[in-house]
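Consider the two complexes below, in which chain A is the common component and chain B and chain C are the respective partners.
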Partner chain A sequence: MTATAHPDRNFKYWLVSPAIFLLLLIGLFPLAFSLVVSFMRITMLETDTSFAGLVNFTQLFKDSRLWGSLFHTALIIAIALPVELVLGLAMAYLFLDKMPGRQLFVSLLVLPTIISPIVAGATWRLLFDNRYGPINQILGWFAGHPVPALWTVNPNLVYPAIVFCEIWQWTPFMFLILLAALSNVDRSLTEAAEIDGARFWRSFRFIVLPAIWPVMAIAILIRGLDLFRIFDIIWALTEGGPGTMTETISIYTFVQGFRQFETSYTAAIAFLVIVLLTVIVTWAIRRMGLAK
Partner chain B sequence: MSGLPFHRRHDVRLALRYVVAVALVLVFVFPIYWLFTMSFKTPDEIFAFPPVWYPRAIQFNNYRVLFKDGDAATVGNSLILATVSTFFAMIFGTVAAYSLARFKTGGENLAVWIISQRMMPPVAIVFPVFLFYVWLGWVDTYVGLIILYTAFSLPYVIWMMRGYIEDIPLELEESALVDGCTRWAVLWKVVLPMARSGLFATAVFTFVFAWNDFLFALVLTRTEVTTYTVQVTHYFGGQSNFWAKIAAMSVLGTIPVFVAVATMQRYLVRGISMGAVKG
Partner chain C sequence: MSDLKISGLHKHYGSFHAVKGIDLEVPSGEFTVLVGPSGCGKSTLLRTIAGLEEASAGRVEIGGKDVTWARPRDRDIAMVFQNYALYPYLSVYENIAFGLRARKVAAGAIDKRVKRAADMLGIAPLLQRLPRELSGGQRQRVAIGRAIVRDALLFLFDEPLSNLDAQLRDDMRVEIKRLHQELGRTMIYVTHDQIEAMTLADRIVLLRDGQVEQLGAPLDLFERPATRFVAGFLGSPKMNFLAATVTEGAVVLSDGTRLPLPPGRKVREGQAVILGIRPQHIAMAGAGALPGHVRVAVVIELVQPTGSRVHVNMPLGGTSIIAEFAAHDVTAPGERTTIDIDMNRAILIDPQSETVI
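Right, the complex of A and B next:
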C-alpha cells in the first residue's frame, strides 16, 4: 500500500488534518453559510429563505448606525493605541536597567492584563460609580469640592471612561513586549542615563527604534486587531450607551443579531467586517514591512 | 544636576526611578485592590459615603452566598471548558505545527491561511456559528463551546509552536530516526521534551484566552454551561445591591488565572518575547 511505501508523505498530512478540519468547521463553513444567509430575508419572526438579492448589502450603505459604530471603533483605536504604545515604551525604559525589586514591580504591573476583560470592565464600573466609587472621591480631594461625575452616562465622559479602562488593562501588555525587545538591544545604545537628551533621541530614532521595530510592529498589530473587536469592556461599562454613543462594530453586530434578531442583515454585517478587516490587516502588514 | 559627582547623580536617578515605579504600581494595582477588598466588605461598607478604603474585618459572606446559590459552579464550567479546549488545541496544534515546521506542509500559503484565521473578529464568527449550532443542537453544551474554543485557539498554538519547533536542531531527530524510532516516537520522545518551555507558555496563554472569553459564552450558553464571565454580567443592572456578588464572583474567576500565571511565570516571559520576535 502507498501508506507504508511512503510513510512520510501521509504522515505529514495526518498531522495537520485535525487542525484543518476544525478550522474549516468553525472558520470557513460558517462564513460560507452566513454569506448564503446574507442574501436571504431571515429574521427571527420571518424565515423567508427566498433569495433577496443584494437588499441586505445595499442596506449596509444606508445604515448610519453601522457607520457610526465603525467611527466609534476607529476613535477608540486612535486614542488608546498610541497612548498604550508610548506609555508602555516609557515604562519599558524605566525598568530596563537593573534595580533591586525589579521583578516584583514587573509582576505587579502585568496583573491587569491577565484579568478577564469583562471583569476589568466590571471593576472600573465599580470604581467610576458617581457616589460610592473611589475615583470621584479622589478627584474631589484635588478639586476641593465633591465631584459627582457620571462617568458611564455623561456623553462627555463615557469615552474617557472606556479609554482609561482599556489603557489600564493593556498598557502592561505593550510594556512587557517592549521591555523584552529593548533588553535584546545592545546595552550601550539604550543607556539613557549618561547621555544628554538630544543624543538620546538620535540614538533612539536611528538605532534603537529600527532594532525593536519588528517586535513593536507586531505588538501594534495585535493590539490594533484586539481594539477593533473591542466588546467586553464596553459591554460592562456602558452596553454601548448612552443611546448608541459608544456602540462599536462588535456591539452593533451583536445587538442586530441577538437583540433585534435581524438574522440575514447581521450575516451581511459580519461579512462586511471580515472583508474590511482582511483589507486593513493586509495593508498594515505590507506597510509595516512584516511580510517576508 | 550636572554639578553633582557621578555616583550622587546615579543615586538620585535610582531614587527617582523608584518613586515613579511605586506610583505606577499604585495606579495599576489599585483597581484590583478595590475589587478584592470589596468582595470582603459588608453591604454597609460597600455603600458608605464617602467610600471606605479597606474592610474593617475579613468576612466571607459574599462568597458564601455564591456557593449557596450555586453561582460558584460557573467557575467550574469555565475550568472544564478552558482546560479541555486547551488540551485539544495543544495536541492538534502542536502536531500540525510540527508538520508545518519540518515538512513545510502546504507551503507558506497554508501557514498564512492559518494565521489569518486568528484575525477574524469573534463577533463575525460567533453569529454564523450560532446558527450552525442551533441546527446541530449544540447551543448550551460543553461540546459546542469546547470545539469553538479549540478551533479559535488553534492558529495561535500552531503559530507559536511552529517557531519553537523550528529552533530545535534537526540532527537530534535524524539520529533518533537512524536508531529506528518511528515518526511518532520522534515527536513524542525528542521534539516535545525539547519544546517543553514553549509548550507550557503556549498552553497558559491558550488557557487564559478561553478562560477570559465572554462573547462566545454569552451567545452560546443559556443555563447549563454558563461561564463565570457571563455570570458576572448577570449581576449588572439597575439594582446596585449586587455589587458584593460582582466583586466576589470576579475574584473567584480571577484567582485561577493568577495561580496559573504565577506558577508558570518563568516560562511566560520567554514565551511572550520569543513569540513576539518570531511573529
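Right, the complex of A and C next:
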C-alpha cells in the first residue's frame, strides 16, 4: 500500500543525486585515485607503472625520516597549541571589559592572522637574519655586545624560532574566538560566583569554562588540524633544516613527492596521514563531547 | 547596631549620574525595600552595596567595617539575582554548596547546611537536578537557598520575583517574608513593584532620580506621603490628583465643585493647590453622611470589576477620578449616583514644589 500510495516517494533522491554525484566525484575520486597509486610503482623519473602490492606501505614502517617528521609535527603541536590557547584566553580576558580604543586594539591584534603564512614566514626570516635582522640587533643592545644567533640554523634555536612565529601568527585567532565566547557568558553568573566567594580559578573552572567549552573545543580542533598541516612558516624559515631537524609531515610529504618525485610512495604517506587524522579527530570529537 | 551604613554615595556612569548622594542606615535584622520607578538608581545602589559596582564617591560600611573598596567576596553578603543566576552546569545541590566550598567549609558541615536550606525551601527532592530541569519558581527557591545557606550578615535581593508569573509571585513573597521572620537577618530588597514593597518591608526607601524621595514604615509612607511623587507611587489604583483653589475655607475644583478644606492645613486664601484623594477614600453614599465626608453627585463613566472590589471611573473637577467600591455597589456605566469623599484623609499638595502641605 505504501508504495502505491506514494508513487513519488523516491523522487527526492533523484533531486539530490546530482549534488551527491558531484561531491563523490570531487571528494572521493582523488582519495580512491591516490589509494590506487599507492599500490603501484610510479615515480616521475621512470615510466614503470607496475603493481607493487604493499611494498610502499611496508616501506612506511621502515622510514625513520617519516616517523621523525611525525614526531617534529607532534612536538610543535604540543608546544604551540597550549601556548596559543592560554595566551589567547588571557588576552580575551584582558579585552573583555569595555575600554577606550578597544575596537582598534582588537583589530590591530588580529592583523597577524590575516597575513599569508608564507609571507609571515619570509618576514620573520628577515627579522631573524643573523647579520641584518633587527632581532639580533635588539638582543645586542641588551647583551652589550653583538649577538650573532643563527636562528634558522642553530639546532638549539630553530624550534624556538618556529614555535614563536607560529604563536605570533595564530594566537590572535584563539583570542578572537575566545573573546566572542567569553562575551557571551552570562555576567550575572560570574557576579554571583564572586559574591559566593569564588576566586578566579573556581569561577573559571565551574562557570566560565563549561559555558565556553563548545566554542573552545572547536577552536582547539581547528588549530590542532592546522598545526598538523604546518608547512609555510617552516618552509620559509628553515625548509625543514638543519638537515631534517624541523621537517614536519607536510614538508616531508612535499619533499618526497616534488623533490624526489616518489609519486606512489607519497600517495602511501598521504594515506597514512589520512588514517591517522581520521582516528585522532574522531577520538577528539568524542572526547570533547562535540558529537552530541 | 546597624549592619549597613551608606554615606554620601554617588555613582556615575560616564556622564550619567545614577546615584546622587544617598545616606542610609539599616538597623540589624530589618527588612528594607528599595523601591522606585525604573531608572531611579535602586539596582545601582544595591550593586554598589554588593561591590559589583564601584562607588564614585562616598562610603559603604557593612557590619561596622568600611568596605567601600572591598571585593564582593570580602563583604559578608549574599545576593539573589533577578534572573536567578544559577550555575547551569552544576546540580541544585552544588549550586547551593558552591559558596560554602569556595569558602572552604568542612564537607560534613556543607552537607548539613545544604540539606537544611533545601528543607526550609521545600526543594529537597530537587537536589540532584540541573537548573534547566526546574520551573521558574523552583529556580527562584534554589537561588534563595544559595543565599541563605551562606549565613551572611546582609542579604541582597535584586528584583527576585519580577520573572515569575503573578500567582507564583504571591507565593514567593509570602515565602520571603516567612524566611525573614525565621532567620531574623538584615535584608535589602529591590523592587519596582509597590505591592511587594508595602507587603514585605519593615521600612521602605523610595528612590527617585538617584535620590531618596522618602523613607519610612510602609504605612507611614502610604498615609503621610511627603511629596506628590510618593503619594502617586504607593497605592493601587493610583491616588487621584485634582487641581483646585482655596476659597473661603473650601477647596474649589475647576468645575466649581466646593469641597470642605481638610482640617489643620496651612493654606492661604486664593492659593492654588492639588487635592489628592485615594480611591479607597471614596465610598458610595450611605444612609447618613459620615463626619468629615462630603457628598457629591456623579455619573459613572467606566467600571472595572476585580472580583471582590470594583474600580470605577467618574468625571469630577475637570478630570476623571477613580474610586474603589465593593463589587456590587455599581452596576453599569451611565448610572447617576452620589459618593462620599473622606476629606479628613485627603491631602493638599503645593503645585510648585510638589510637596504635601
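We take it that the second predicted complex is superposed on the first by the 255 of 292 C-alpha atoms of A that agree within 3 Å, B and C clash if a C-alpha of one lies under 4 Å from a C-alpha of the other, contacts with A are read in each partner's own complex, and residues count from 1 in each chain.
FYI, a contact is a pair of C-beta atoms (placed from the backbone, for glycine too) under 8 Å apart; a residue touches a chain by one contact, two chains touch by 3 or more.
It should be emphasised that the depicted structure is a prediction, and the values quoted were computed from it without experimental measurement.
Once the two complexes are laid over each other on the shared chain, residue contacts for A:I26 go to chain B alone; chain C is not touched.
Of the two partner chains, chain C is the only one that A:A198 touches; chain B does not reach it.
Looking at the shared chain after the overlay, A:S188 reaches chain C, while chain B stays out of its contact range.
Between chain B and chain C, the partner in contact with more residues of chain A is B. Contacts of A:P210 after superposition on the shared chain: chain C is touched, whereas chain B is not. On chain A, the surface touched by chain B in one complex and the surface touched by chain C in the other have residues 193 in common. Considering their complex, residues 7-8, 11-13, 15-16, 18-20, 22-23, 25-27, 29-31, 33-34, 37, 91, 94-95, 97, 99, 105, 107-109, 111-112, 114-120, 122-127, 129, 131-134, 137, 168, 171-172, 176-177, 180-181, 183-184, 193, 214-215, 218-219, 225, 228-229, 231-232, 235-236, 249-250, 253-254, 257-258, 263, 266-267, 270-271, 273-274, 277-278, 281, 290, 292 of chain A touch chain B.
Residues 50-52, 71-73, 75, 77-79, 81-83, 85, 87-90, 98-99, 101-103, 146, 150 of chain C are the ones that touch chain A when the two sit in their complex. Within the complex formed with chain A, the residues of chain B that make contact are 10, 13-14, 17-18, 20-21, 24-25, 27-32, 34-35, 38, 46-51, 53, 92-93, 95-96, 98-100, 102-103, 105-106, 108, 110, 114, 116-117, 119-125, 127-132, 147-148, 150-152, 154-155, 158, 183, 208, 211-212, 214-215, 219, 229, 232-233, 236, 240, 243, 246-247, 250, 253-254, 257-258, 261, 265, 269, 272-273, 276-277, 279. Residues 186, 188-189, 191-199, 202, 206-207, 210-211 of chain A are the ones that touch chain C when the two sit in their complex.
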